[in-house]
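Order of writing sets the chain letters: A, B and C. Residues in each chain are counted from 1.
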Amino acid sequence: MPADALVADLTTALAEIPLIDPHSHIDPLHPVSKSLDDILGYHYYTELAHSAGMSQAPLGKDVSPRDRVREIVRHMGRYDNTAQYGWFLDIARTFLGFTGTQITPDDADTLFDAAETAFARPGWEKQVFKKTNLEKIFLTNEFDDPLEGFDTSVYVPCLRTDTLVFHLDRLDTRDRIHKATGIQVVDAATLRMAIATLFLHFTRKGAKACAISLPPNFEPVHYDDEYIYEQIRFHNCHDIGPGVFWIVAEFCREFRMPFDLMIGVNRRVYTNGVYQGQDLFDQRTSLIQYRRLFNAFPEVTFPVSVLTSGQNQELVSYSWIFPNVVPNGHWWYSNIPPYIRADLSERLQAVPKTKLIGYYSDAYKLEFVLPKYAMYRRVLAGVLADEFVRPGRLTETEAVALGTRLLRDNVRETFKV
Amino acid sequence: MPADALVADLTTALAEIPLIDPHSHIDPLHPVSKSLDDILGYHYYTELAHSAGMSQAPLGKDVSPRDRVREIVRHMGRYDNTAQYGWFLDIARTFLGFTGTQITPDDADTLFDAAETAFARPGWEKQVFKKTNLEKIFLTNEFDDPLEGFDTSVYVPCLRTDTLVFHLDRLDTRDRIHKATGIQVVDAATLRMAIATLFLHFTRKGAKACAISLPPNFEPVHYDDEYIYEQIRFHNCHDIGPGVFWIVAEFCREFRMPFDLMIGVNRRVYTNGVYQGQDLFDQRTSLIQYRRLFNAFPEVTFPVSVLTSGQNQELVSYSWIFPNVVPNGHWWYSNIPPYIRADLSERLQAVPKTKLIGYYSDAYKLEFVLPKYAMYRRVLAGVLADEFVRPGRLTETEAVALGTRLLRDNVRETFKV
Amino acid sequence: MPADALVADLTTALAEIPLIDPHSHIDPLHPVSKSLDDILGYHYYTELAHSAGMSQAPLGKDVSPRDRVREIVRHMGRYDNTAQYGWFLDIARTFLGFTGTQITPDDADTLFDAAETAFARPGWEKQVFKKTNLEKIFLTNEFDDPLEGFDTSVYVPCLRTDTLVFHLDRLDTRDRIHKATGIQVVDAATLRMAIATLFLHFTRKGAKACAISLPPNFEPVHYDDEYIYEQIRFHNCHDIGPGVFWIVAEFCREFRMPFDLMIGVNRRVYTNGVYQGQDLFDQRTSLIQYRRLFNAFPEVTFPVSVLTSGQNQELVSYSWIFPNVVPNGHWWYSNIPPYIRADLSERLQAVPKTKLIGYYSDAYKLEFVLPKYAMYRRVLAGVLADEFVRPGRLTETEAVALGTRLLRDNVRETFKV
C-alpha cells in the first residue's frame, strides 16, 4: 500500500524475525536448486502454464531444461497476475540479480544463465539460509527414510504417514515396512510393533512431528484388533486406513509428538494434469468428522491445515474450544493473499494467540521460503495494522510481538524446537 | 481507525440510539453480576482459558471466586488478542474504573475488589441500564417459567422451545408440562392443548417471541396426528421433534408471534469441555431444509440466526425472496468482527432494510450488553462509512437512520414492542 | 470512495472499453423497454418489493402498468439500501433525466411519463447501445428459436439446453424437437441426430455458445445407448438428464462451442413467490461432481458460473488446474458488490488472467446493461487499485489493460467473436 507507512514499518520489523519453517518438502541432501528448471519445474508454474494453454510436451524428460524454462516463461504473460508469479519475480530479483518489474519471454535465457552461475556459487545453501533469515526447516519424510547425511537440528525430520494409512493394501508398502523395521505385519500387534519401531527411529533422529494429508470424507475411527487382523489377513488391508490412523495417533501420544493434519485433498481429480497438478477437493467436509479423535487424544496437539477458506470458521471454532486443536498456516489452494487475509483475520480475533502457527512454506526448494514468507508477512502486517494498531488495541511494538508469536514462538513451543 | 473521523462520528451517533436487545439469557431476578466471578465465569472466558491451557480445576465448586478469577486472569495473556478479551477490557474500563490498556495478572485482585464495590452499589441494575442506553431486553424462558417477579415491559419474555421439541422423550419433560399446564400429553390433541396453554400463559405475560436452537441436520416436517400418537404411546416420543416443531409453528401463527430460529449447533461435541463450552457445528447445513416451513407459514415471521458465516449467503438470499424470513444478529461463533463485517456488508446490500435485525447481545449478565453492542456499532459504522457514505450513496445523517433501523426500528416492528 | 482519485481514474478508464456482454436474456425483437413497467417488472424489483411486504395483487394482469409502477416505487423506501435499487437509480438518472439522489413515491408518475417519452424516441435502441458503450450482446435462445429477424452479429445467439436436458420427459418438448428438426426421438441415435440438427441450425445462425443452468445436486454422466433407449421407450425419459447433458457436451466438442455451465440453482423453492422470484439454492454442492465431464472433454471450454460465493474457491482452484474450466462473471445471488469484490479478488490472484471472463449482465432489457456493468467496473477498479496498483505490482495503465482482458479480450477469445 503506497504511503502506508505503518504497514511498511510492520513488514520491515517482521522480516527481522528468524524463521523456523514448520512444514516443507525440502530434500535435505539436495535442498537448493541446481538450475532454473528446478525453480520453474515447481508444480505451481507447470500447472498454471498448462492451465493457461501450454501443452505438456515441454515437460517431457527429453526436453532440455533450458527449453522447458523458455516455454514456461513464454506462457508467463498469461498468468503474471497471480500470486505464484509474484514468488518467481521475487526469486528473480533477490537471487538472480533481475532488476526489471516484469518477466518477459526475452528474460528466459538471461535468467537461466544467471541461475546457473548463482546456484553454483560456493556456499549457496548458506547464502539462501542467510538471505531468508531461516534458522530451521521441517521436512516431510517417508516412513523408511534413513534420515542420514544431514544436520537434523537444521533440517528437522517429520514422519509422514500417508503411505502407512492409505496404502497398506499395497504389497510394496508392507515390504518397505518389513525392510525398515524387520517386522512382518500380520495382525494388529505386529502393526503396532512396526509403527512403534518407526516412531523410535524418527524420534532418535530428532523428528519433531508426525503428519498426514487427508481426503475430505475421511473420519478417523478406532478399530478393534480383531477387525484389523481380519482386514490384514483376509481382505488385503482393504478397509483399514481409519484404524491405522488411530494407531498412529496413539503413538503420537506415546512419543509426545504433534500430529499435523492436512485436511481436504482429493487426489488425481484431473487425471491428465501435470505432475503434482492433479489434486483438487470437495468443499463439503467438516471437522465434525474428527470429534472422536480430538476427544480421545487430549494429550496430542493437532496442528490442523485446511485446504479451503470455507473450512476456516470450523478451524477457528474448534481451536477456540478444543485445547489440542491448533490452526496451522495457509495451505496450497488457500495460500493466496485474499484467503490468507480473511483466514488470518478471523483466527487472530477468536483463537488464543499462543495457539496460532502462522505459516509454513511447503517448499520443495529452499529458494521458495523467502518469497512465500515475504508474501505472508505483507498480509500479516496489513491485518495487524488494520485490526490491532489502527483501532488502538495494540501499539506497533506489541503488534510485532504478536507477529513474532505467529512466526516463531508458537512453532518453537508447539513442536518443542 | 485512527484519523478516520467519519467512522468515529458514525459510532458516536449510533451510540445515542436507545437499545432494545432482542435476545439474551438474562435472569430477570438476578440480571446483574454480584462479583467478578459472574463476569469471568461466562463461558467465553472459561473456554478460552481452557483452550489456551488452563486445567478445569479452577472451575470446581469448591474453588473460591477470587481464586478462580485470578486463574482466568492469569491466562488472559494467552488470549488477549481476541474480541472476547476486548469485551472484558471494556467492562473493566466502563464499570470498574480500570484505566490501563492491558489486563495483567496483577490486576486480578484490584478488579475483583472493584467489582465487589461497584456491583453492591445501590441501583446498580439501573446504572447498567443507563450506561448501556438500554431500554428493553428479551429473555430466554423455559416453557414452565412462572414469569413472575419482574417488569415484563423491560425484561420481555420469550418462549424457548428446545426442551419441548427435543426432549419430549424424557419423562421429566412430560412431568414438567403436566405441572405447568395440568395436561397429560398422551396424543396429538393433548400435546396441542398443552402447547396452547403454554402460549396462552406466555402471551398473557407479555412474551413477544418464541425461540429455538437447532442442529445442522434438522428439518421441520408436518407429522400427522396418528403418527404422533404412535410415537408418544409406543415409542416413548423417540422420533417426534420435527412434528412438535411444526405444532409450535402453528401456535406462532395462531398467537402472532415471531419464531426465532437459531440454526446450526451440535451439542456436546467436546464432551469434556467446560460448562457451555462443548458445542460446535458442521458447516454442511442448508436453509433448503426449511423450505416446507417457510412455504407453509407465510403469516409467521422467522428471524433466523445462523451459526456460521458460510451460511450467510443463504440467509441473505432466502430473506431477499421469502417475505417471512428475516436475518437476525450475529450469533456465537460468528459474533466476531471479521464475520460480522462480512455478513453485515452482504445483508445491507441485498436484503430490504426493513427486514434487518442488526444485533442481540446473547448476554447472561447485563454488564455484557454494553461491550458487545459497542463492538457491533464500531463494525456497523465502518460498513456504513465504506459502503454507503464514502461512495456517495448516503449522507451521514441517512447512514445513521439506516443504522437506527437495524439497531432499533426493526426490533420494534418485528416483535411489536 | 471520496478522495480516492485512483479508483475514480480507473473507473473512468474502464468505462471506455466497448462491451461484449456474453450472457443476457434480451429478446432481440424487443430489446428495449416500452414503459417503466418493463423496467420495474424485472424480478429483482417485484421480489424485493414482495419480500418487503408488497402483496402480489399489483402484479396481476388486470392492473395497469402505471398503477403497478406506483406500487413498486411506493415500497422502494423499504429496499433502497440494496444494490438492485442502485441499478434503478442509475437508470433513472442516465436514461430518464432524473436529477434527485433518492427515488420517492412522488417520483413514480414523473418517471413513468419520462419513460414513455424516452423509450418512444426514434432510435432508442441505438441510443442505449451508445450510452452503454455496448458492441455485442449474447442471447439465451430456446432450442427451437428460429433466430430470425435480427442482426446476429450484434445479438449473438446462444443455445440454451435446459429444456432438452431436464424436460425431455414432457411430451411437448419432444413435439417441439420434432417440429424444429423433423426428427422423432425414439432412441439414442435419433436423439443425437436431433441435437446435431439443432447445433447445425444454431451455428449457421452465428451462435457462439451453448448454455445450461443446473441444480446443486447435478452430476453429468455418460449413459450408454441401450440405457437411453430404455429410458425413452419404457420410462418416459424419466432418468435421462445426465446422459442428454453428456451428448450436448459431445456436440459442443464437435461444433467447437464453449458450454456455459450455471451451477447451483434449485427451482421453485418459494412456491408462491413472484414470477422468476421463486428459485433458491443449497450451498452444499461441489465442482467435484463435474470431474468426469472436465476430464472427458479437454477440447471443450466450460465457462462456469457459480450461484454462491461459497463455491468460488472451488471455481478458482478448478480453473487454476483444468485448462478447460474458466470462471464466468458473477451470477444472480452473487451479483452484489461484497460478493463480487471477494470473488474477483480471489480469481485475480490465482487464475491465469487470460481465463477470466469478468462479467455479464444477465439482463432482460437493454437498459440494465449499463447500471450493472457500472457497478462491476466500480468494484473492479477498487480491486485493481487495492491489490495491484497500490502494492506496486502494476502501473495504472497496466491495471487498465488487465481490466480490459476481463471486460473484453477474454470474451472475444473464449467465444471467438
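Keep in mind that, in the parts below, a residue touches a chain if its C-beta (ideal position, glycine included) is under 8 Å from a C-beta of that chain, and two chains touch if they have at least 3 such contacts.
Values in this document were obtained by computation on a predicted structure and should not be read as measured data.
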Classify the inter-chain contact topology: is it line, ring, star, complete, or other? complete
Indicate whether more than half of the residue numbers at the subunit A-subunit C interface occur in both copies; give same if so and different if not. different
Centroid distance [mean C-alpha coordinates] between subunit C and subunit A, Å: 39
Set of subunit C residues in contact with two or more other chains: 284, 310, 342
Listed in rising order, subunit A residues that touch subunit B in their complex are 284-288, 291, 294-295, 298, 310-311, 313-314, 316-323, 342, 345-346, 348-355, 386-388, 390-393, 402
Taking the touch rule as given, give the residues of subunit A at its contact with subunit C in the complex, in rising order. 1-2, 4, 47-48, 50-53, 78-84, 86, 266, 269-273, 277-278, 280-284, 308-310, 333-334, 336-339, 342, 378
